[in-house]
Structure formats: structure tokens, C-alpha cells
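Pasting the structures here.
You will see chain A twice below: alongside chain B first, and alongside chain C after that.
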Partner chain A sequence: MRSIGILCAVFVSLALLGPVFAPYDPTAINIPNRLSPPSAQWPLGTDALGRDILSRLLHGASWSLGLAFVVSLIGCVIGTFVGLVAALGGKTTDWALMRATDTFLSFPELVAAVVIAGILGAGTGTLIFALCATSWMRYARVARGIGLSLKSRGYVIQAKLVGLSPIAIARWHYLPALLPSLTVVWTGMLARAILGISALGFLGFGVQPPMPEWGTMLLDARIHMRSTPLQMVWPGLAVAISVLAINLCGDVLRDRISADER
Partner chain B sequence: MIQTMLSLVLRAVVVLVGSALVTFVLLWNAPGDPAMAIAMARFNAVVPAEVVDQVRAEAGLDAGFWPAFKAWIGPLLVGDFGRSSVTGREVWPDLVTAVGYTYPLAFLALFWGLAIALPLAILAASRPGSVLDRVCVAMASTGAAMPAFWLGLLLILLFAVKLAWLPAMGARTASHIVLPALTLALGVAASLTRIIRSGILEARDQNFLPALQRRGVANSAIERDHVAPHAAIPVVTVFGLELAFLLEGLVMVEVIFGRPGLGGFLVNAIDARDFPKVQAVVLLTAIVFVAINFAVDIFYKLLDPRMEDRDA
Partner chain C sequence: MSFLPRLACFVALTLVPAISATAQEGNLTISSGYGPSSEVPDPRAGYNGWTSNQTGVTETLMGIDYDLKLYPRLADGIEQVAPTKWRVTLPQGVTFHDGTPLTADAVIASIAPISEEGHPGHNKRIANLLDLAGLSADGERAVLFETNSPNAAFPWTLSEPGIAILGASSEAFPINATGPFVFRKAVPEQSYRVEANMGYRLGKPGLKEVTVVYANDPGTQALAFEAGEVDMVINYPETDFDRIKETGALGFSAPTARLYFYTVNAVSGPMANPLIRRAVSLAIDREGIVDAVLSGVGGAAAGTVFPVGKGWAADIPATYDMTKAEALLAEAGATKEGGQWMLDGAPLEIDIVTYSGRAALSPTAELTQAFLSAIGITSSVSVGEWGASAELIAEGEADMFLQAWVMTPQGDPSGVLETLLKTGGGSNSGNYSNPEMDALLEAGRATFDQAKREDIYTSVQELIASEAALIPVFHVSQVNVAKPGLTGYAVHPTETYWITHETKFTK
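Presenting the complex of A and B:
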């Protein structure tokens, strides 16, 4: 538990402070020293344009991890809103919103995100839009389920009868009940967002060069697979370790929450 | 039962019409002039304005949103996917060719994935908490965290570049399928191992098993009649999700390995702004997806009659 907490702290600080530790400018081109192997001067070597790979990885953390954070948070807010409206609104609203949720769920997330980002034109804005549009549905289902079960609980009905405002009910009764489950869904979606961002970047539909996003770096490195294979290892390793750390945190959280409920 | 079937069918229809609408809204709102993009892709050069207008009329882009939507969904309802806006060839035969490359890959990946996951899960669940169990779980967690396209690149690096055992690019010979299938299978195995393992552990935890044991029922019979069926339920539940995961992986893996399957078809169509092709792929995935989830829902009810609706 503690080691996982430390791991998470390391990642958050990497995303926030990565650029501070970077020894070089991640976009500074240095053609004479292109494709250098790892050395004391360039700890992980340089890429095809002579840019320092370590600096690009560190700067890339704020792109890959930061964007994933933004995307998963927006998705959570939208999904929770939709789910609660479905649970608390009338029967028709519920039916319409849940069929809309089903519709969006009927595409594999990444395929849909590729189509959206590809059609609307590559760029960071469309990347965020594409990933949010394909990730709010699970929050909606969870929020709706909890909303439905709370609606008929005695203390919620009493709070309504006493005349508590809907906002106060939402704040004091719904939010505490929603938070644990939403957090678990959120960690899963955060990991998926990191994978999605790197996949779209790798296909050329995500963050655009020269920005050092990890998937985009893999796309660059792929061409030089034969001459400098190591260049291809680092960005993928960064993605895999981040996702692994977040998934482990999610597992621990889920165990804790189910232990609390027992 | 008939009523639930009917409501499932109704839901499937609503979802399919909804997904057609969502796709069309998206394409309608694509930036730039689609007619210009199509004309440039078709003639591979800068084209005069009258040619662009001609293309616009041909593709039905000059009418309003609803007329265009009607003009688009009409043929789809009778299974006509239209013609490519770039090559002018019919979409359907090309789509069938692409699917012909994709589905053996998907099938092989699922099969290999299960073949890896099942023994690993049984091994891990045989002594929960042991070193062996922990190694299996750690391997599965690591596998689940690896992006499919990166794993594919690493396998190319090892087996095609360094060892030169297997071909990497294209789909000319039968051996071309090995590396992409292995890439996907490892991903499938990673998630299945954990699910099967916890399924088995949960099934062994059922409170009537010790009673059966004390009555003298053989362990093998208990495993066969009470543990295995119970452990299968979560596997069926996640099958829909697993398929989504597989489809996502397929797109990436086909692009990496240069296979002319559905993934390459989709990415090329997006790059060329060939909207009829994009629409066809999106609708096809939606149909497959809805059909699978439909089958899972039904199978689920048969497997465990106690269960209520999965998500309603």
C-alpha cells in the first residue's frame, strides 16, 4: 500500500515537475548529434533530429499524463451528470439517456476516438474532445445505478420532506455515496486515457510534433527501429509503467472500498 | 423470456439507428470542404472549382442535413454501403476483403489468448497467495498495462529484426499472421488470466462445497459440476468488453504490421477523407458489437437465471 502511494506520488510529481528536471530543451534540434546512443551527455540518447530523448520523455509526462487527467475528469463530470439526471428525472428521460449511453457504448472506445479525431482533424483540442466523447458512459451507468438506489432510501426522502434544497441533498447525500465508486471507475478510465492518448499520437491523430507526447515519440522512433532500437523502448516503457501504477492504485482502492462496505 | 427478448431487440434497433445518426453528425461536421478533399484525393492534384462542385453534387453534399441523412441511410437500410468517394469503387467488396484478413486474426488471437490464460489461471488459483500465484498475477497486470502497438513493435524488433525468424510486414504467407496474432493474444491473455483466476477462487468459496465434500463427493466431481460452471459466468460477462478490447487492438496491430485488414482500411479511409468507407467500418463495428452484446445478454440469462438485467 505504502509503496504504491509512493509510486503515485512519483508520477504526479513527474507530470508536474518533469520539465524542471529535463536537462535540455525538448525541441532543440541538433543534427550533427542525431541518433546518438545513450551516453553521459545524453542519458537515453538522441532522436532523429538530435533532440535529447530524456528531456523529451520528461516533458512528455506533462502531455501524456496531464492530458489523461483532464480527459478523465471531464468524462467523469459529464457522465455523472447524465447518470444522475437519468436516475432522478422521469421515466422517459431515463430511457432516452440510457439508450444514448448504449449508443455511445456500441463503438469500441478507441476505434470511435480514432474516427472522431481523424475526421475532425488532428490536434490537441480534437484529441480531448474525441476521448471525452467516448469515455463518459461508464460513469453515467455507475452514477445512475447509485442514484436510483438512493432515491428511495428513507433518509433521502426525509431530507426532501424536511425541505432541504436539491443542492444540499446532492452535496450531503449523493456525493458521499457516489465518490468511492466513481473514484474506482475514474482510475480505470485514467489508465485507458493514457493508452488512448498514446495510441492516437502513434497514429498521427493526437498531439502534433514537435511536442514530445509519448505516442508521437514512438511514431518517430519506429522509422529508426533498425539503427537505434532502444529509442523505441523508452516511450512505451513510460506508458506501460504509468498505466501499471494507476491500475495497481485502482485495485487497492477497490479492495479498500469493498472492505468498507462489508 | 419472450418479453425480455423483445425488449432486447428493440434496444438493439434503437442503438443501431442512434449510431448511424451519431456517425452522420460527425461526418457532417468535419472541417474543411469535404468535396474539395475528395476531389483532391481522387485526382491527386489541385482541381478547378467546377470539378469540386460536380463532386459535391455527386456525393449528395449540396442538400441540407436531413435530406442528406435520408439519402444516406436509405441505401444502408437495404445493405448498400455505396461507393468509395475517392476511387469510385463499391465499398462492400473491398470491405469484405478487409474483413477476410481481420477475422482469422481475431479468431486466432482469442483462441491463443484463452490457451495461454486458462492454464495460467488454473495454476495461479491452485495455491492462492503462493509465489507462483503472485508471478502469474504480476505477469497479467504487466501485460494489461502494455499498449498493444508497443508490444507489437517490440515483437517485431525481437522476432523479425534481431532473430529474423518471422516476417513482420504484410500478409503474403500464412506465417505473417503469427506475430500480430501473438501481440493480440498476449493482451487478451493478460486480462482473461485475472478474470478466470478470481472466478475460480470465488467459485471455490461457495459455502455448500464443504458439505458436498463431507458427503463424500469426489473433488474432481465438485470441480467439474460446481466450480467450473460458476467460474465461467464472469468470463461470459466480460466477453463483450474483451471483444471491444480486441477490436481496438486489431486496428492498432494491423496498422503496425501493415496487414490489409479492417484497421488499415479504416485509417487509410480517414486519411483520404473517404467518408463512405469510414461510415461502413463504423456501422459494421457497431452492428457486430450490438450483436455480440445481444448474444451475451441472452447467454447470460440462460447460464444464471437468478441474474436480473445486466445493466438496466
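Presenting the complex of A and C:
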């Protein structure tokens, strides 16, 4: 438990402070020293344009983890809003919103994101939009489910009777009840967002050069996979470990919340 | 599962590779980055002719040799009988794959649809190159071509792979041509299979079957080669070329006419100013790009559009001069504040777009960005699809568009320069327009004296350089690898010829 917490703290720190620890400018090209192996000067070696891989990984953490945080948070807000409106609205509203949610859910997330990114063109804004558009549905389902169960609780009915507005009821009664479950969903979606960002980056739809992002680093390194395989290993490891850490953290949170509920 | 079925499975699994290895003797599987668009890709449409020409299915009336010299290929000869009339004579005894003879009428029936809108073989690009006013037979074995205006490039145009000479198609021969290989099957975006034409007029082909499989990722192509799935890779990753040769693979590398260059937005934004265009051109260290992107084995820095030593190239060096670049920026009215060039009170910013179809494009754009940054010009790089990038620059939303084109696919300089730089040219996505350039290009097309033509195209290249009408970066060498045993193959400078009847592969 402590080790998972430390690992997560490390990744959060990387996302926030990665660029501070980077020994070099991640976009500084150094042609004479291209494809250098790991050494004291370049701990993880250099890429095809002579850029320090460690610096790119550290800066890439801000992009990969930071964007994942933003995407999953936007998805959480949209999904929670949709779920609560469905739960608090009438039957027609509930039916319409849930069918829309099911329609979005029926598309594989990554395929849908690739289609959106392909239509709108590569770029960071497109990346965020594509992943947000395909990540809100799970929050909506969870928020609606919990919302419906709360709807018939006495304190909620009392709040309605005393004339509290729906927004106030949602703020004071629904959101506190939703928070633990949504946090667990959010950790899972955060890990999926990291994978999604890396996947779209690898397919060329993500952050544009020369900015370092783990998926685009993998994309750039694939051509050198046979001659300098380490170039692919580092960003691959970064993605794998961060996703694993966040998933484990989510598992611990879920267990804690389950224990509290019992 | 009982013992006997398991034994049968084991024997079958053991024998399958052995059987297929035997069946592959004399067969060649090539990995390439571009695939057919349909099950029967008409060689005249789009760029389908490139594939059919590369695989030895189709032939053209004229051909381009390895020194970019024109020679009669399927034709016996060509003569100019009037300023706008050309007479092409055909040899005796040439037959199509289905055994029907090559006649003047067959040539006309093959070429005429290129200009007919709505016909599956219609090709606007090639129709513009031909610019035909009429076609007629002059007996059994001569064809008279009449062009709308005098066109010195006409004989060269007949080497365009899309002007393939085809007979009537049938179920057995959907692409009925004259080459050493017969088209058998194409799977869109996957494969293209041909078999030997045992009755080929120049001799029995050295290969029984050639299959081209498509993978648009060079890394995937390299892995397929090492896994033994393909025998040859066209455009192998340059960075892995030395290593793969050390494993015993055959390496083929030779300069081609393919140029990596920037189309510039000539009507809006900072690149509309020729002084800024020249400054940008001077700020690019082309040698550095070649070393970094092509690992020093795959190309040569380009000062002009045509490759040095292959004809038509003017003597224009690839100059890298940051001081001069900055002087030109100052002359253009830009001022340097805190290391950043400013133009009209705002930072001088250049948007670069390119596409992902070739491995060297993205790093070339990134290096350009770094070189521009070194003199204080901010730039952005966006990697999308070719069509989207062309649209962005045509709509004025980007300033530079990095592309890679074979500059003399027919061996003549006129066609590509006209489409890229003539006012209203089909691929003039930067909307460059200069009456002097238009006049020179028209004169180049209408002048028949070779020495005078060379002078005209030298002037065109000097004008391109002085205006930075497009910014050449490097000519790429095609880097191919094959398993040991491949003979009778060499890299062609136009990239449109791969397999001949003399190509052999013994494992």
C-alpha cells in the first residue's frame, strides 16, 4: 500500500515537476551525438535527432500525465452532469440521455477517438476533444445509478419539500455520495486516458513535434527499433509503470471504500 | 486428441513449410509502402501505372534508362513530322499477354481513354502532359500523335508509366499488356501478384512469380524482412541499412530524382515575401539534415530541384549561411528583439505542415524548425495527411509544406515544374505565380533545340533559387535490401522500374 502510494506520488510529481528535473532542453537537437547509448552525460541515451531521452521523458510526463488528468477530469464532469440530469429529470430525459450514453458506449473508445482525431486533424486540442468525447459515459452510468438510489431517500425528499433547488440538492446530497465511487472510476479512466493519449500519439494524431509525449516518442523510435531498441523501451516502460501504478492505486481506493461502506 | 490425429497434425505442420519453401523457388516477394487501390487497378488511372511498370506487367512506348536518357522501349522509334505532330513506329512481332498483336489501332485504343472523362482509364494529370489534339493510325505499325501546341517534352511524356500500352482486357487477362510479367491478382491496399510471361519477346523471365505486399510503416517492412516474410524491401529504413547488410543481406542504394522540398505559401503570411523565403532557405543546414535523417547513406543536400550529375541540374549549391539569412530578414523589414525576429510588430512565425507517408518527412520538418529557431524564427510543425496538408497551404493556413516528389518521372524537366510552379498548375498548392516563370516554362516546352532547352531550364532553376519559389532540401537515394541471391536488379533514378525479365532470385 505504501509503495503504491509512493509510486503514485512519484508520477504526480513527475507530471508537475518533471521539466524542472530535466537536465537538458527536450527539443535541443544535437546531430553529432544522435542515437548515443546511455552514458553519464545522457543517462538514457539520445534519440535520432540527438535529443536527450531522459529530458524528453521528464517533459513528456507533463504532457502524457497532465493531459490524461485533464481529459479524465473533463470526462468526469461531463459524465457526472449527464448522469445526474438523467437521474433527477423525468422518464423521457432519463431515457434519451441513457440511450445517448449507450450509443457512445457501443463504440470502442480508441477506435472512436481515432476517427474523431482523423476527421479533425492531428493536434493537442483534437486529442483532448477526442478522448473527452469517448470517456464520459462510465461516469454517467455510475452517477445515474447512485442518483436513482438516492432519489427515494428520506433526506432528499425532505430537501425537495423544503424547496431546495435541484442544483442545491445535487450539491449537498448527491455529490458527496457520488464522490467515492467516482474517484474509483476516475483512477481507472485516468489510466485509460494515459493509454489513449499514448496510442493516439503513436498513431500520429497526438501532440505534434517537437514536443515530447510518450506515445510520440514511441512513434519516433520505432524506425530505430532494431538498431537502438532502448529508444523504444524507455517511453514504453514509462507508460506501462504509470498505468500499473494508477490501476493499483484505484484498486486500493476501491477496497478502502468497500470496507468503509461495510 | 488421440495419438494418430496428433501425429498427422505434426507431420502436416512439418511438411507445410517444406512444401511452401519448394514452391517459392524462383519467386520473389517484395515489400513496398504503397498498394493498389482496387482489384484490377487500371494502369492509366491515378498512379496505378507505377506499380504495373515496376512489376514488369506494362510497358510504355518510350523508356528512361538508368542515366535518365530516353530510349525507344515498346516503340521502334519516334520522329517529329511537324511542330505539333509526332510519328511513332511500332516493331513487328510484339504481342499482348493474350497473344493478340500490338498494332497502331491497339495503341490508339489504349491511349485515347486517358483524355476521356468518365472512362476508368481517364487521368487528368497525364492528359495535361500529353495535351493531345488527335491520334490516328498511319498504317498497321505507325501512330500519328498531334498535340495542341508544340511540345518538346512529348517523346519523354510517352515514358510516363501511366501511358501503358494495353490490349483488350478479358477475364483471363484483366490487365492485358506486353511486359515480361502477367498481372494475376491485386488485393486493395494489400498485395499485387504477377506471373512470368513465358512468351516475352526479349527472353524468358528469370522469375516465376512476383508478389508485392504493402506495409506503409518502414519499421514493419524491416521486421517482415528479418522474419523472412519478404525477400526484398523497397525503401528500407536508412538508419538500419548498415546493420542489416552486416547480417548478409544485399543492400542497394543509388541516388534518385526524388526531392524533399518545401512548397511555400506565396500569397499570404511571411512566406509571401521572397526575401523571407530566401532567408528561410539559407537558414536550413541541408547537410545536417541529410546526416541526421538519412544516416549519411541515403541522399545529397539539394541546392536545386534536379539531382546533380543526372542531367538538367543547374550549378546551384546548397548554401547554409545564417548571417546572410539574418541580413535578408533585416532587408525584409523584420527587426530582432531579444533573440526573436519580429515582423510588423509581431513575432515572425512560420507554420510548417507535412505528412506521415515517408519516414524522413517528420524529422526533416523538426530539424528545419530547429534551424529556424537558431536564427530567431519561431515555427510550428504539424504532421497530418498529404491531402489535408496540401489544403492547409492552399487555404493560406500554413506557410511551408514539406513534400517528397520524383522531379523527373519522365526524364524531362517540364511536367513536374509546370504542375508545381506555373500559375494555376495542378499541384501549385502554394499559389506561386510569376509571369517570368510562366514564360520560361512555356518556352521550355516549345523549344526543340536541346542546348537551348537546357539553358531555359537553367534559368528556371536560377529563378527558383533567387525567388525561393520552392525550397529544395535534399535528393534522397532509394535504399533497398534483398536476400542474397537476387541478381539483375538495380535502383532506378525515377523509382518506376524494379523488375525486368533479367531479374533472378535463387535461394
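Throughout what follows, the second predicted complex is superposed on the first by the 261 of 262 C-alpha atoms of A that agree within 3 Å, B and C clash if a C-alpha of one lies under 4 Å from a C-alpha of the other, contacts with A are read in each partner's own complex, and residues count from 1 in each chain.
Note that a contact is a pair of C-beta atoms (placed from the backbone, for glycine too) under 8 Å apart; a residue touches a chain by one contact, two chains touch by 3 or more.
These numbers come from a predicted model, not from an experiment.
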{"item": "Partner chain(s) touched by A:Glu109 [first = chain B, second = chain C, both, neither]", "value": "first"}
{"item": "Which of chain B and chain C A:Arg99 touches, first, second, both or neither", "value": "first"}
{"item": "Which of chain B and chain C A:Gln208 touches, first, second, both or neither", "value": "second"}
{"item": "First (chain B), second (chain C), both or neither touched by A:Arg141", "value": "first"}
{"item": "First, second, both or neither for A:Thr27, with chain B first and chain C second", "value": "second"}
{"item": "Dominant contact partner of chain A by residue count, chain C or chain B", "value": "B"}
{"item": "Partner chain(s) touched by A:Ala122 [first = chain B, second = chain C, both, neither]", "value": "second"}
{"item": "Chain B versus chain C as contact partner of A:Ala240, first or second or both or neither", "value": "first"}
{"item": "Partner chain(s) touched by A:Met225 [first = chain B, second = chain C, both, neither]", "value": "both"}
{"item": "Those residues of chain A which chain B touches in one complex and chain C touches in the other", "value": "121, 222, 225-226"}
{"item": "Residues on chain C engaged by chain A in the complex (per definition of touch)", "value": "217-219, 222-223, 226, 237, 239-240, 243-244, 288, 291-293, 356, 359, 362-363, 365-367, 369-370, 380-384, 388"}
{"item": "Of chain B, residues touching chain A in the complex", "value": "11, 14-16, 18-19, 22-23, 26-27, 29-32, 141-142, 144-147, 149-150, 153-154, 156-157, 161, 244-245, 247-248, 251-252, 255, 266-267, 270-271, 273, 278, 282, 285-286, 289-290, 293, 311-312"}
{"item": "Chain A residues within the chain B interface of the complex", "value": "98-100, 102-104, 106-112, 114-116, 118-121, 141, 191, 195, 198-199, 202-203, 205, 218, 222, 225-226, 229, 232-233, 235-236, 239-241, 243-244, 247-248"}
{"item": "Chain A residues within the chain C interface of the complex", "value": "27-29, 31, 34-35, 48-50, 121-123, 204, 208-210, 220, 222-227"}
